[in-house]
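Below are structures written as structure tokens.
There are two complexes below, and they share chain A, which is joined by chain B in the first and by chain C in the second.
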Partner chain A sequence: MLVFAASDKGGTGRSVTSCNVAFHLAQRHDVAYLDFDFGSPTAGAIFDITRAERGIEQEGMHSYFTDGLADPRRLDVWTSTSRPDLRGANIRAGRLTFFPGEIGGAEFGMTDERVDRCAELLTQLDHEYEVVLVDLSAGRSTALHMALAATALSKMRSVTCRWLVFHRWTRQHIVAAHGLVYGKHGILEVGKISGHDQKDLQEDIRFVRVAVPLLKEHNPAQSAPQATWLLAYDDELRKLAVDRRLGQSRVLGTTPVEPILQYREQLITESDVAAKIANATTIKGFRSLADRLVDDEVWEGA
Partner chain B sequence: MVIIGEVRTSLLHTSLPLPGAAAADLLALRPGTQVRATSRPINRTLSPDTVTGVDCSLPSEPRTRSRGIGTVVTRAIVVGGMVAQASSRAELEWTDYRERKPWKYYSRRPGVIEVSGPVTTDQVLAGFQMPSRQPETLDLGSISQRMINHVQDRPQLDNLTALRTRPTSMRWTAVGVEDAVPAVRLHIEDATMRTVRVTVPPHLLEEAVGFCEDLALHDWLYTTLGHVIAQAERDMARDADPMKGLRAGLSLLVRLWMPGAHVSPELRPLWQGLEAVPGFSEPWQRQVDWIRDQVFMRSLAAVEELHH
Partner chain C sequence: MRIQPRRQILDIWRSVVRSSFRDGTWEWRGREESNSISDAEQLLCLLYPATEIEELALDRPDEMAEDVTKTLEKLGEPKMIPQRIIEILEDYLRRYTTDGEPDFGGKGYLSAESGEPTDEQLRLGLVASYSLSVSLCLAALGFLKVYKPPQKRGDKWGDRIKKLQAELNRRLTASMVGLLRSFAVNPIDTGVDDAEVRAAMLAMVNQSNESHRVVVAKLRERLARQRTRLMEDATLSVSDEMVDKLDEDTTLFEIGWAWGIVNGATAVNFVADVEPAKGGFEREPEICSTPGFAAARPYLFTTVLALDGINDIRSTRTQELDLLNEEQRRLSDALALRYELTQRYWSIIARFSDPWPLEDIPWRTSDGEESDYYSLMVSAVLVQDLEGRRADDDDLDRAVTVFESLAQRGRITRRVTKDDASVALHVPGQRMRLEGSAKLGPELLWHASDFAPLLLKRCLQAAALSTRRGSRDRLMDLAETTMDHMITRRIEVSEASGLWDDPGEILFPYDTRPAEKLPSWYMTERVVEALVTASRTFRKEPLRSTAIRARAEEVLHEADQLLNQLLLTSDSDDTSARSVQLTEIERKISRANEILIDRPATANALGQSALRGLDELAVAQDNASRGV
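Showing the complex of A and B:
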């Protein structure tokens, strides 16, 4: 299964959430994580892989597309991470393979040849990994266009593809996420031009609400007027989301605001929760995203 | 005399094994070219050789200056309609001249690379045996990978898979030594990379190619069945159903196991050595038995449940 992670705005939590979801999926499957954020590859830092914090020097995803490199570099997260609690976490975990981007890399243009290479890589990895997660970078990027074009090729018809659109729980983010999917030059429009069936494509898209603030019952320190305002405004956002076709039936899941992640981009593990540094609800959010991502029932008709 | 090569092995992107004729069709990479096929004891189809021109330095250990000009030949192989291999090789010939001759000269000698510079045979052999490839040197792996991608992209395949598997690479060197008793050394570098060194009398050097392809196939089968078991254990540990993977492993892989079947009789003793150390067919059979037991016991349990 191929999973594409997109967002309209930068800094929504697309990479951090995707990495955490990949981490949970890898407890039971072989998972590949591809950094297609060619301009600023940062997933290495989230996995705490020191030598790939901002990408690697050469032979990364970038060279695969621009230099005709045949074997882009793969890093095994379990053995490359500097976090000991990841390594020993689960003796029966599947593989978690990270395909890093490149430090000096920049965005590049889309060509038919690159689309073919993209399809080739995705097909190859789909036959190797249960789940292949691709971080597409923010906005209407080359990566997004390339992924849409590659998955529209007839030889990729048989491959299961799922698209995730990440957004924060604010008015502007909801409007922006709507635009990325339904708007001009959005995923559906570009998808259709690339050769996708628009209706099928739409059924393969789900939204992920990131860092949704806690309401009164979770946050007793709130003043009464504050709580009332938040509750009312939360309701308003819900209405807006439904109105913009980002309603509950199209949502894969939600993550709460996690204090650790406000300070540091990283994986949240059971040991962080056991040490009472991270909130249990955060892990629950990631785990539920992972479970629902591979649950076919969730994806049958939105 | 030295031949170097690299074999990539992967599961063909097809839900069911290709019949012999379809495999032949798949490997007729260019119109009008002939594929070679044998059907016994198991179907094995070979594409015609493709030729790639190279002019680059060679890996060496310790690093020494060299220039290799010539051609690499690559062929694709399908075994049992299910496993795809791409196998690239070149014979190395040391020469004195420095200037590059017209390409016509090299293309008349497909599969020969002429080597110049201070580098010695032993240094090149050691370079090829390094677990990680030296950048900016001859890369047989990527030539093979391109061939695999090309084959996997052919319209004869339905692009579905019953089993997710990991491709492996085997980098090998074969040295011809007068009066040598055939010998092989296999080294497992990591999860997907293996290096092999073969020594044979010079007249058997060409046969070493087929032996290395056969070894790569069986190493891949062995490794892949190991992953099938690991995934089943992972499923069982969390109460998920392991049957799908186990069944696919049994039905797709087991019948392909036939070490030496397509190897020249003179080189079959190499297999006998590997069967002794590290052991192939015996542990393979134990894995197969384990899977059969699991499938049997689970089927039995399912039947019993039906009766209650």
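Showing the complex of A and C:
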């Protein structure tokens, strides 16, 4: 199964959420993580892979598309990460392979040849892995267009594709996410031009609400009017989301605000929770995203 | 305990789902053997609040509140919940349709004094079932009208929903026909046969000890309109023989609903001109002409049930969602006419003399049976009449007193004593003989055990109508006490915990009764109904007192004037704490003026707070100007 992670705006938590979801999926499945954020490849830092913190020097995703490199570099996260609690001892069922981007790589244009190479890579990885997670960059990027064009090719018709659109829980983000999917040059429009059935494509899209405050939890710093305002505004946002076709039935999941992630983008593990550094609800959110991502029932008609 | 419909209904929902939904399937399981009434009650526990309370709606998954989705987690994620409900509705209709004919049997709810009820008796249609069916079908049809199924590849829900709607419509039509044919007019003449009935009736209405001749004449006069209508309106299909009887000067009469289709009831021969796909019947359903067995005598409990059901048909929701088809609209008109007549009849009888017959508790029915339950039923009709604004606040005040004595007598506001006979009102409940049922076996009995939840519902309903604070407070107090009573009757153990009814603790304090483990849907549904009524009552704006408004106006006048003075003496460039406080005071005064009409007490409080702030400044000012 291919999963594409997109967002309209930067800073939505798309990469950090995707990495965490990949991490949880890899407890039970073989997972590949592809960094298609060509302009700013940072997933290596999230996995704590020191030598690929901001991408690798060569033989990364860029070279695959621009230099005709046959096999882009693969890093096994379990062995390359510098986080001790992720390494070695833990026995896991699945592989987690990271396909890094390159330092100093830049966005490049889209050609038929690149679309073809993209399709080739995705098809091959789809055979090798149970879940292939592709982190596209923000906005209407080349990566997004290329992914839409590649998956529209008839040779990829039998491959299951799922699209995730990440947005934060604010008015502007909701409007932007709506635009990215339904708006001009949005996923649906571009998808249609690329040859997708628009209706089918729409059914394969789900939204992920990132860093949504848990308003109903006790917060001693909050006054009653403030809480009232927040709850009432939250309701308004919910209505806006329904109105913009981002309603609950099209939502894959929600992640709460996690203080750690506001400072450092990283994987949140059980040991962070055990150390009382991270919130348990954060892991719960990621785990539920991972579960629902591979639950077919969730993807049946919205 | 404060009544909190949202929270309490969600608590009930959680228990309903836990006890009914297991391993992905809905189980029709309650204390009594499953039947068309009990199963409808079980389903209505979920569906009734969902269709009556906006915040608990289940028909738009995207807009479901979070606490709702969490409560119903077991049914699946939000978008699955409506689909589950559709499956349950389909299952219900499958169970209670035989050869295309809707089934209205009472099975486990029926018993007999001697011997076992026969199969034929257990299948007999009952007004209780017709009325509940009306509510269920309307709730379900409304739900389906709003619900938009997912637009899927290979759409199956659209067709399923259409089929379900057609079946629900057929059931709705059939239950309306059932109600129509269960309407009874009972003329009481001076013959020997009616002597006892007549005596009982006169004794009940004649509270001021007038001669029978005078009472009969007065009754005739007060009920003249109803009588004329009965005699003249052809659509009521009153027989010629009956018209002659009613025409006699000395004849009294009773109207309302019998327990089932009346013996000799005229067939309903409406033309089945609605297509089957739209909920019409292919051939005329049996219920239109099936022979009736019920004695042509109104029962108070079925009359109230029927009125409640017809209320749902006449509701604004039914109209707004345009739920009725042509055939049903015709039936609805016919039922509305009977509703009006019955409502007026009982409202007049209840208040016939001074003191009111209703105030003479317990009410005695014309067949000589006495019970507090009947008093509650008559009060229910009276409250309903109040809703039509044909009774006034003085009437309501008196009804409140009746409710209060019923609560005492029913051991809700008084404790149970040893060997207390009043307990029988709750357990096993008021016993009613279904007269006429003996033609098919032993005479059937029905036990109405819903005294407490009905009292709760009627108090809440009356509270919404009252425009006097005193009686509204009394009603709310009584409702809360009754809710406390109900809370102690919740089942505590087993999967059904949180549902009703386990009356051991409060009604049988001197006995050792085993804890109940199976839910009574009969009782649980009544509690849910009461909570839905509460939610309607709470939506009303608080009563506005003119006295507090006058006071608020005085307060605001003074505050306004003092503020003007202070502003006059304040440096216009001042940005110190003083100016902050002045701004704050000004804001309070303008807010108070905004809400003065709707919330005078709040306006008063704001005005007071502004005055206090102003005085702080004044005291400081005075202190300083004492001199340097």
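FYI, the second predicted complex is superposed on the first by the 296 of 302 C-alpha atoms of A that agree within 3 Å, B and C clash if a C-alpha of one lies under 4 Å from a C-alpha of the other, contacts with A are read in each partner's own complex, and residues count from 1 in each chain.
Keep this in mind: a contact is a pair of C-beta atoms (placed from the backbone, for glycine too) under 8 Å apart; a residue touches a chain by one contact, two chains touch by 3 or more.
This structure is a prediction, so every number in the text was calculated from the model and none was measured.
J.: Contact-wise, after the overlay, does A:Ser18 reach chain B, chain C, both or neither (first, second, both, neither)?
T.: Neither chain B nor chain C is touched by A:Ser18.
J.: Which partner does A:Val159 reach: the first (chain B), the second (chain C), both, or neither?
T.: Only chain B is touched by A:Val159; chain C is not.
J.: Quick one: is A:Tyr129 in contact with chain B, with chain C, with both, or with neither? Answer first, second, both or neither.
T.: first
J.: Which of the two partners, first being chain B and second being chain C, lies in contact with A:Asp71: first, second, both, or neither?
T.: first
J.: Mind working out whether A:Asp200 is in touch with chain B, chain C, both or neither, as first, second, both or neither?
T.: Touch partner of A:Asp200: chain C, not chain B.
J.: Of the partners chain B and chain C, which touch A:Thr142 in the superposed model: first, second, both, neither?
T.: Neither partner.
J.: Identify the partner contact of A:Glu300: answer first if only chain B is touched, second if only chain C is, both if each is, neither if none is.
T.: second
J.: Return the chain, chain B or chain C, that is in touch with more residues of chain A.
T.: In the superposed model, B touches more residues of chain A.
J.: Using the superposition on chain A described above, determine whether A:Thr81 touches chain B (first), chain C (second), both, or neither.
T.: Touch status of A:Thr81: no partner.
J.: Chain A residues touched by both chain B and chain C?
T.: On chain A, the chain B and chain C contacts do not overlap at all.
J.: Which residues of chain A touch chain B in the complex?
T.: For chain A paired with chain B, touching residues are 28, 30, 58-59, 69-71, 92-94, 120, 123-124, 126-130, 155-156, 158-159.
J.: Applying the document's contact rule, which stretches of chain C touch chain A when the two form their complex?
T.: It comes out as residues 61-64, 66, 69, 77-80, 150-153.
J.: Under the definition above, what is the set of chain A residues touching chain C in their complex?
T.: Interface residues on chain A, with respect to chain C: 199-200, 203, 216, 238-239, 241-242, 247-250, 297-298, 300-302.
J.: Which of the residues in chain B end up touching chain A in this complex?
T.: 10-11, 13, 135, 139, 141-142, 145-146, 149, 152-153, 155, 158-161, 164-167, 230-231, 233-235, 237-238, 240
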